[in-house]
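The two complexes that follow have subunit A in common; it is paired with subunit B in the first and with subunit C in the second.
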Partner chain A sequence: MADISQFSYEVAHLIGATVLMAGFQLLYQRRLFAVLNTFAFQALALAAAAAWQAHVQHAPHLYITAAIALVFKAMIVPFALHWLVEKLGIHRSVETAMSIGWTMTSGVALVALSILLVLPVTANAAALTRESLALAMSVILLGLLMMITRHNAVTQVVGFMALENGLILAAVSAKGMPLVVEISIAFSVLVAMTLFGIFFFRIRERFETLDLNDLETYRGDRQ
Partner chain B sequence: MTAILGQIAQIFLVVALAPLITGWVRLVKSRLNGRIGASPFQPYRDFYRLLQKEAVVAHSASWVFRAAPYVTFAAVWLAACIIPTFTTNMVLAPAADLIALVALLGVARFWTALAGMDVGTSFGGLGASREMMIASLAEPAMLMVSFSLSLITGTTSPAQIIAFVLGGGVGIEVSLGLALAALIMVAIAENGRIPIDNPATHLELTMVHEAMVLEYSGRHLALMEGAGMVRLTLFMALISGIFAPWGMAQPGAGALGVALGLGAFLAKCFILATALGFFETVIAKMRVFRYADFLGGALLLGLLATIFIYVSEAV
Partner chain C sequence: MMGHLANFPGADNPLLWILGVPLGSAGFLVVLKEWRVATWVNVVASAITFASSLMLLDHRPAATRLLFIDDFNVYLVVLTSFIGLTTAVFSAAYIARESEAQRLSDLHLRFYHSMYQAFLFTMLLALTANNTGVMWVAVEAATLTTVLMVSLYRTREAIEAAWKYFILCSVGIGLALFGTTLVYLAAQPVMGDGADAMAWTLMIKRAHAFQPDLLNLAFVFVLVGYGTKVGLAPLHSWLPDAHAEGPTPISAVLSGLLLNVALYALLRFKMLIAANGQALTPGPLLVMMGLSSLFLAAFMLYRRGDIKRLFAYSSIEHMGVITFAFGMGGALANFAGLMHMTMHSLTKSAIFFAVGIISQNEGTKRIADIRGLTASHPVLGWGFVLAVLAIAGLPPMGVFMSEFLVVSSTFARQPLLAIPLALGLLLAFGALVSRLQMMAFGEPPKVVASHGTATTFSSILALTPLWVHMLLVLVAGLYLPKELVAWFQVVARLLG
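Moving on to the complex of A and B:
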């Protein structure tokens, strides 16, 4: 890794931090469309991160990763979700299980947790990749947090996609994820997206809402 | 000797430049709204007009009301004197640091709030209470930013931080980016810009700063408005100085270096003021009850900046 200069690491970390900040933005937004726009921005930052790594590591296949992130995640998925939200007439404010302030605070706690976790575990890894790994881990945990603290199915899907963004971020900075895995993940995300879309329609048809809390009453053991 | 000259130039520069910056922001906003807008020099004319006018004071006002404009303006002016704008070579630069800066701004805010409550009108009290709420959220965030900056650079003095950054002591750091974001959010709140407060409004439900200075007229109003403008300049100098210090004159720089520093400062203010005008045009004002989320976000960003310092140090 000696050929990779300090500067390229700094830029990579900065882009990684941008992805992380977008993760926090996702938690902060209260409007459904704003959430989708922020998700598109996060995917854009992810594409930039992948492209930068491709440039720095002289690994052309990472450009494909960047292109996949750009086309699928920054364009197709947000547009599809946008279309779904309009089609289903879901009301546009985000309902949260916790107040925004508490969610953000838990987010910071999760970032601290992932740093505490990554630093000792990767003690033998190349020194400077650890910061990238800590960033990626934080993005993953923030995605999970978003899935936990949102009622609406659409925002939960966005949380899932953000989690997947974190995985890709970890993969591109760790140098060495095979392209086959990369492409199959990208396609499975797209398939998941389609399935979610169908499920949205089904859930809505059945229960006339996308608020997953309302589904709890249909569970047998709770009644 | 040059340090004294630099300081004197700085003292007058901030006051002379502040109305122009505010005027420029207003012009940018008018143009973006499709209006022609007043000349950027309009605030100077406004000051001239206000200084000609008689200062009307309410019957119920005490000496606090009369003293507040002077104290507020003096505190903000003093704070602006310790932030290097075009040169780091200043007499007062070692005298105070970022924490003193927070305190000086706190003094100014405290007196403005007192004046708002002194007359006993409901708007003044409402404005004061909102201002204090914003302050209680913005100050911890500002202090957190100061801490993370001082952890990176090893000092809380603005002049030394700038010298450190200029000397290449710090690269592109994640923490610096986070601190910048937090500082911009705090600056928006401290200056009462959209989305926290609308400087152009007199709508009862939304005004914060305007509600407190509603009773002022004449020279008192001129001082209160001047304090707001100097505060905006101060934050622009702080942000551009710490995060983009290029061009700033160092101790020992000749006349050319100083001229270059001055030009760089003017250019940075121009860019920041234009950006502020754009930002204020595209964004809507926030509900009062969302301030806590916004400024809590700034605090958390400052906290994250501090956390990431330890990551990069552990590496």
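Moving on to the complex of A and C:
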């Protein structure tokens, strides 16, 4: 890791912070399409992060991860969700379980928590890995927070994908970690399945407690 | 079907067969149109897998970067492929009767059989993977295949259960992946970049040099992540729904096998932590989660109206007991945990076999509507009684013996912990026995419910796996072969 210059470190840091910023933005968007656009932006930033790591680490396979993030997550998924929202007539505005103020405060607390947890335990690791890991863990926790505070099936899926962006960010930052490409493919399959599920089973809104009664207007696909 | 494998240089490697046969047949079953043939292809493929897994017992292939077999996973591979086979036999009878009742279309059945083999493949891959990343991908794929099978009936409840299972377990395995990444980061300075720092066999030898702080953080994520899939409280809420709404053969393999595989993943990480020495002791965390699962499930058992949910909660209870035993650690408690894992798998899948036939016979899953089973269907009824008494922990069955070992080993070391443990087990015992009384005895309902045109052959076929399992559990309770005991002891020492 000695060959990593100050410049490449700062660029990696900047891109990682962009992913985190998008994670924060996801928390307070009130309109569904805005949520989708923000998610696309986050995926774009993730693609840049993966490509930069591929360049810095001389690990060409990470370019594939970057390509998956760019094509699948930043383009196909937001587009498909956009289409689903229109097709299924899902409410365009999003309710949240907590007020935005509280959500943001919890978000900040989670970021502080990840920095406090990660930085001391990675004292021996290279700076590049340390900071990216702290950023990645923050993104993961923010994704979880989003899944908890949003009621709607689509926003929950977006929350899950934001969480997954954090996981991929962590995996690309871990120097020389094998199987990163396979893992991002596995996740893409998972996400594709979810979209498929929403579409075919017409899961529309309000999964407040993920409880049966909250499946508001279920229509079976073959009746 | 798998003849082309013989041309490969490693065709005498049983691992290749164990993984290749389920994967190949999953592909083959997708295109096979006739479901009657498919049920038998499913059985034959599972039988070949089981036979190959038996070959592992005397010929153990050398570990590679990708796959390995050691004392610990070999027994789980054999157990998994055995229950895979018996469940395939049960499934053949179950599917025949479901199809008569026209609850499933041909397309669904094709899909079901293919997914069944794919599921076996992913579980066996997770068990034999010598790489934390491959193991993770396999567990993730196992989640996907089971989600598809849980939603098979396409009822509102089934979709709901599948969705819940999907979201919760996806988050769970997401967190497990973060834990896996952290373990890699802990190993990487010692092992160097690349696959070496993810291989179990290599990591365990040099785990003492890993960074303990990073391992601690990693273990928390792995515990929450894979713990969700084990169904440990408070992360269990997907489990009862997924068990209740899917086809019953799937409930049997979910309870009997998938929970074990998730626990296996967790235990591998625990072994790494234990080999490190300076990291946290995972014991108390596991003990706490085990006890909370046991108590939560024991209380929930009293209020269940649905027969499949009842036994799903019983699975949470037993996974709690097993986790508790491994959390206590030490040779005896680990031995008890391993034995309980085996006994629970055999007994619980037997119970689900019985439950599957019962709900088909009676046309309901409501406990209140099921009465007098021993009078109306003696062979099934008494098999069911035997299985439920076994899972409740009555001697002389194997489950009693392993539970007794867990309690007594705890009592010897931490008497205070033994009290809540015994209390929880008694609570669960009471719930199960009172439910059993209602279902098994009393006047059977006058109207002979939708018996269908089930042939004698298919009812014998459906009942055989149940009785085979119960026979094994009974024999294990009375007499364990010396070799098996010695082997369990070796593994118990490995687990630390």
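Rule of thumb we're sticking to: the second predicted complex is superposed on the first by the 178 of 223 C-alpha atoms of A that agree within 3 Å, B and C clash if a C-alpha of one lies under 4 Å from a C-alpha of the other, contacts with A are read in each partner's own complex, and residues count from 1 in each chain.
In the analysis below, a residue touches a chain if its C-beta (ideal position, glycine included) is under 8 Å from a C-beta of that chain, and two chains touch if they have at least 3 such contacts.
Bear in mind that the values here come from a model prediction, so they are computed numbers and not experimental data.
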item: First, second, both or neither for A:A17, with subunit B first and subunit C second; value: first
item: First (subunit B), second (subunit C), both or neither touched by A:F7; value: first
item: Which of subunit B and subunit C A:L133 touches, first, second, both or neither; value: second
item: Which superposed partner A:Y28 touches (first subunit B, second subunit C, both, neither); value: first
item: Partner chain in contact with A:A112 - subunit B first, subunit C second, else both or neither; value: first
item: Which superposed partner A:G101 touches (first subunit B, second subunit C, both, neither); value: first
item: Touched subunit A residues, subunit B compared with subunit C; value: C
item: Shared subunit A surface residues [contacts with subunit B and with subunit C]; value: none
item: Complex interface listing, subunit A residues touching subunit B; value: 6-7, 10-11, 13-14, 16-18, 21, 24, 28, 100-101, 104-105, 107-108, 111-112, 115, 119, 127-128, 130-131, 134-135
item: Touching residues on subunit A, where the partner in the complex is subunit C; value: 117-118, 120-122, 124-125, 129, 133, 136-137, 140, 144, 147, 153, 156, 160, 163-164, 166-167, 170-171, 174-179, 182-183, 186-187, 189-190, 193-194, 197, 201, 203, 207, 210, 212, 215, 218, 220-222
item: Complex contact set, residues of subunit C against subunit A; value: 131, 133-134, 136-137, 140-141, 144, 147, 151, 154-157, 159-160, 162-164, 166-168, 170-171, 174-175, 177-178, 181-182, 184-185, 188-189, 192-195, 197-198, 211, 213-214, 216-217, 237
item: Complex contact set, residues of subunit B against subunit A; value: 171-174, 177-178, 181, 292-293, 296-297, 300, 303-304, 307-308, 310-312, 314-315
